[in-house]
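Note that chain A is present in both complexes that follow, paired respectively with chain B and with chain C.
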Partner chain A sequence: MNRRRKRQEAISAYLYLSPAMLIFLVFTIAPALFVLYISTFNWNFLNQSMSTFIGLQNYTHLLTSANFWHSLLITLYFVVGSVPIGVFGALLLAILLMKPFRGRGLLRLLFFIPYVTPIVATSIVWLWLFNPQFGLFNALLQLVHLPQIGWVQSERFAMPSVILYTLWHGIGFNVIIFMSGLTTIPSELGEAARMDGANAWQEFWHVTWPMLSPTTLFVVIINTVGALQAFTQFFTLTGGGPIDATTTTSFFLYQQAFVFYHTGYAAAMAVVLFAIIAVLTFVQLRLSRMRTFYQ
Partner chain B sequence: MSIVWKRTLRILLYVLLIALALLYLVPVYVVLVTSLKTNSAVSLSQMWELPHGLSFSSILSAWAQLGPNFGNSFELAIPATLISAVIGALNGYALSKWKFRGSSVIFFLILFGMFIPYQSVLIPLLKVLDAIGLYNTIGGLILVHVVYGLPIVTLIFRNYFAAIPYDLVEAGRIDGTGYWGVFTYIFLPLSIPGFVVAGIWQFTQIWNNFLFAVSLTNPPNQPVTVALVNIAGSQTVQWNVQMASALLVSIPTLIVYILLGKYFVRGLLAGSVKG
Partner chain C sequence: MRGLPLFRCGGGSTVKGNFLNILRIFILVVVALLFVAPFYWVIVTSLNTQSQALQYPPIFLPHWHVANYVRAWSEAPWVQYFVNTVFIAFATTLLVLVTSLLAGFAFGAMEFPGKTILFGGFLAIMMVPQTVLLIPDYILMQNLNWLNTYWAQIVPWGASVFGIFMLRQFFLSFPVEYWEAAQIDGASRFRFLWQFGLPSARPALITIGLYIFIGSWNSFLWPYIMTSTPAVQPIEVGLATFLGTNGTDWVGLSAAVVYTTLPVLIIFLIAQRQFMEGAYSGSGGLKG
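Coming up: the complex of A and B.
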């Protein structure tokens, strides 16, 4: 291929990409930079000309705010409570759903279906299940003679309730991704392990788990980012309460920006939240580079 | 491992699966049972009972409240899905098969969009939409969903196209077709499964989205998810109507998934979404 032709091709690739890129940059990179800019102002939402530059004050205010640190703790609770169970539960389900048995197709469909339903719709149903007086969960507790709890209305159980709903809604997606990872593992590897006398656990630990590590990494990252950004189920199930028990940083940010109109302060929080997501993703990628086995 | 032990373990695992399956079916049961009851038959103490005779009055009154917003949601989700799939295919094609300077930087920038917390860009987004006259319009929401859907759709198509052998591009070149020709005659016909995965993904995400909808539109321009939350939040609406509304709002994505889900899963299993 001659150079002139190569250059022509590069130019056409740029040309075809440019409209999409331009729109994309205008709507993602530009707002991201604008958020950075707003975060240095005491921003007046209604009248921008009244905004005053205050440097890093929003950040110092944020980092010394007990509410903000509390929201980070709540976010950590949500991530730690939902991601590991979501990932390993999905892995177990995926392995089970790869084995042939009657009704497998139906079960695959069943576990995936909540993922395609709107959170705003299914959370209405779950509010019924969580209902302290007439809900299913308290009826079940009563059946096994355990004390009944307030679920989303109790400070202590609101977060576990949201986590339970989130797992129900989202685990099917992880299952499918794991199933797609499992299908790419050559079956000869498992057969070879079994010929060498490996049992089911050894086969999983020495063959499936290492071969699956790129998929696991992908699922962990997607779930962590998703949990850090989660908003709708908090809005519909708990509204951040009771008494801030479920006010994650994402929810706190929304409140500050769209309920209290503390725009500059919310912008500073957005920057910090983005930094946290970026750093976590980077760390997970680096850790995986040391550990994962690439095909 | 003894056979008895193995069999017990197997049975235990399937008991677990069945218990989980029941947990998944319960909400479906509640929705169906409650939506088909009349106002007078709905009380908290009877919520688990089957209705005495079918009544579509809850579904009709839910439809009366949600109907116009359904229109909004279709006007939003269908064009936004089509546009983002087409642009995503073009991006994925350019990024997977044409090596040019800066292609990896561009790909990185596109992926960057996946990691932006949406709450954080809502304020500037609102300003930008206001400035170009698209605030509080379905058009504005289409634009936002196309833009924020591009990272994942581009990723889907890039991975999908990466599996198509480079020889096909070479063959097309020898036959004298250029950038556009290779795309239309070679990649487009091969990319139907990619379009199915990207299309289903986008339609579901856009139809189900609440955050953009609630922050960037006001009544009567709101998509159906926001209208549903408004119904659920009001004290005057009966539970059976709320359930019927939840059912109605879920139906389009359920239909899409039940009709095309097989191809979606097959496309995913073929590796269109992987890191």
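Coming up: the complex of A and C.
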């Protein structure tokens, strides 16, 4: 009787899981394997039956391509330029926001708003702000008699401009996460540290920072993975340019797959990108196991 | 009460403490104003004439030139874009809620072999980046004849790991006694879920629904790749097309940005508490 009941429960559980499982299977798991398959073909975009198996040629082609390595370098520039500022800037804002004051809820809301806005829409706003001839940023520089810059249209400043937009768009999410992490730290710990004569910095460094490390790790991973995949702001703000100054690997992949129809080659790139994201996440998790403090 | 301003002024009792507290609030206010400045600027631009917008020194106040809105509105099939976006977002949200409720209930309130492994597998799915799926899913859509349809924009996004996870957490803390009592009354498990689980899971469902709805509304790369005509395209793709054709009409573009973003902002402002707490639980969930 009991065994029959258990079996029935298992059957209905699998029934309940099946809609979600089916969707994941068809549109995520199978495609993740399918991309491996495509990457071994000289894939014909218009007529699939004309595709020819070429083994690992797409990969050798990729790894010897200067454009691909350049795109990795550009991606690294974007990650290194956006993630640390995004994480530490958000941490600073969160700490400043922790002690309650009148209007605190409103300020937190204002930091968070950009995060929920569509990237296409708000990057158009920034494209207008960045406009070298008529944009607000250069007008303000002119008002204070500083030299104007080309922003998204200059090879040198295109990436910093995209980073600036990305920070504006995403930092509010980090602030919210850090604030929730900070509220979970028992206040007695800080009080005890102060009783022992610790100053504000010592309290932060010896109590807050170690206690916060799981939150920090989460924010770092989410931001890194997000930065590796960022596409839309590059699409609207720079189109990967000028020349290839902002052609990240994700953008290069899009171009190769959907502008030049080098499907197999782009699929190989997708596999490499996937591997990079997986390894980075693994390394960050591993590092944290050595360094983070667990309650 | 999180999310509401608290009417208490913190800070030390000393003069130095007071000064530091004022400095802290001053810094926060300045940074917050910088964060909203782009929103203010796009509204000002959208309400000025082109020559006012291009003028130096810049004009910081709007002149209520609503003609930009009329012109921008007439230059693209915005009604069609809005209808598509709302339909896709609603259908996706509904599908996600159904699949998450069922799967979350199974993971949180039922026993079956392979549960732990399967749950780990579901979490691992979150690791697969969208960029990686773009090519194989495009070819899949090609073979399903789903390119340039609503289907391609709804069904692949019809299950959410975040949603399943949140509902699993909810049903884990659901008292077993309720189910036992329902069994004595002879209720089936499905009826129990429908009549009892669904209403009590409402707060979680609302949070998930809001995030999925806004996520669907804001999505760009996927619909941009999978569709080719305005008949099925969502608003952000329409806006990108509008940028391509009207790229120098900054006042018209600004107007289009304002009326396409307004619905998102309104939804967010009405439900800000759910959004903020959703972000909390999303992070709390992943850490556990």
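FYI, the second predicted complex is superposed on the first by the 277 of 295 C-alpha atoms of A that agree within 3 Å, B and C clash if a C-alpha of one lies under 4 Å from a C-alpha of the other, contacts with A are read in each partner's own complex, and residues count from 1 in each chain.
As a convention for this text, contacts are C-beta pairs under 8 Å (C-beta built on N, C-alpha and C of every residue); 3 or more make two chains touch, one makes a residue touch a chain.
Please read all numbers here as calculations on a predicted model, not as lab measurements.
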Q.
Taking chain A as the common reference, can chain B and chain C both be placed on it without clashing, or not? Answer clash or fit.
A. clash
Q. Does chain B (first) or chain C (second) touch A:R102, or do both, or does neither?
A. second
Q: Could you look at A:N199 and tell me whether it touches chain B, chain C, both or neither (first, second, both, neither)?
A: first
(Q) For A:N42, using the defined touch cut-off, is the partner it touches chain B, chain C, both, or neither? Pick first, second, both or neither. (A) neither
(Q) Let me test your reading of the model: by the given contact rule, A:I113 touches which partner, first (chain B), second (chain C), both or neither? (A) both
Q.
Quick check for you: in the superposed arrangement, does A:S65 touch first (chain B), second (chain C), both or neither?
A. neither
(Q) Quick check on my understanding: which residues of chain A belong to both its chain B contact set and its chain C contact set? (A) 9-10, 12-14, 16-17, 20-21, 23-24, 26-32, 34-35, 38, 93, 96, 101, 107-114, 116-122, 124-126, 128-129, 131, 133-134, 136, 139, 168, 176-177, 180-181, 214-215, 218, 225, 228-229, 231-232, 235-236, 250, 253-254, 257-258, 263, 266-267, 270-271, 273-274, 277-278, 281
(Q) Using the touch definition from the top, list the residues of chain A that touch chain B in their complex. (A) 9-10, 12-14, 16-17, 20-21, 23-32, 34-35, 38, 93, 96, 101, 107-114, 116-122, 124-126, 128-129, 131, 133-134, 136, 139, 168, 176-177, 179-181, 183-184, 199-200, 214-215, 217-218, 221, 225, 228-229, 231-232, 235-236, 250, 253-254, 257-258, 263, 266-267, 269-271, 273-274, 277-278, 281
Q) chain A touches which residues of chain B in the complex? A) 1, 13-14, 17, 20-21, 23-27, 30-31, 34, 44-45, 47-48, 87, 90-91, 94-95, 98, 100-101, 103, 106, 109-110, 112-125, 127-128, 143-144, 146-148, 150, 178-180, 204, 207-208, 210-211, 215, 225, 228-229, 232, 239, 242-243, 245-247, 249-250, 253-254, 256-258, 261, 265, 268-271, 273-275
Q: Write out the stretch or stretches of chain C touching chain A in their complex.
A: 3-11, 21, 24-25, 27-29, 31-32, 35-36, 38-39, 41-42, 45, 53-54, 56-58, 98-100, 102-103, 105-107, 110-113, 115, 118, 122, 125, 127-140, 142, 155-156, 158-159, 164, 189-190, 214, 217-218, 220-221, 225, 236-237, 239-240, 243, 250, 253-254, 257, 260-261, 264-265, 268, 272, 275-276, 279-280, 283-284, 286-287
Q) How about chain A: which of its residues touch chain C in the complex? A) 6, 9-10, 12-14, 16-17, 19-21, 23-24, 26-32, 34-35, 38, 48, 93, 96-97, 99-114, 116-122, 124-129, 131, 133-134, 136, 139-140, 142-143, 168, 172-173, 176-177, 180-181, 214-215, 218, 225, 228-229, 231-232, 235-236, 250, 253-254, 257-258, 263, 266-267, 270-271, 273-274, 277-278, 281
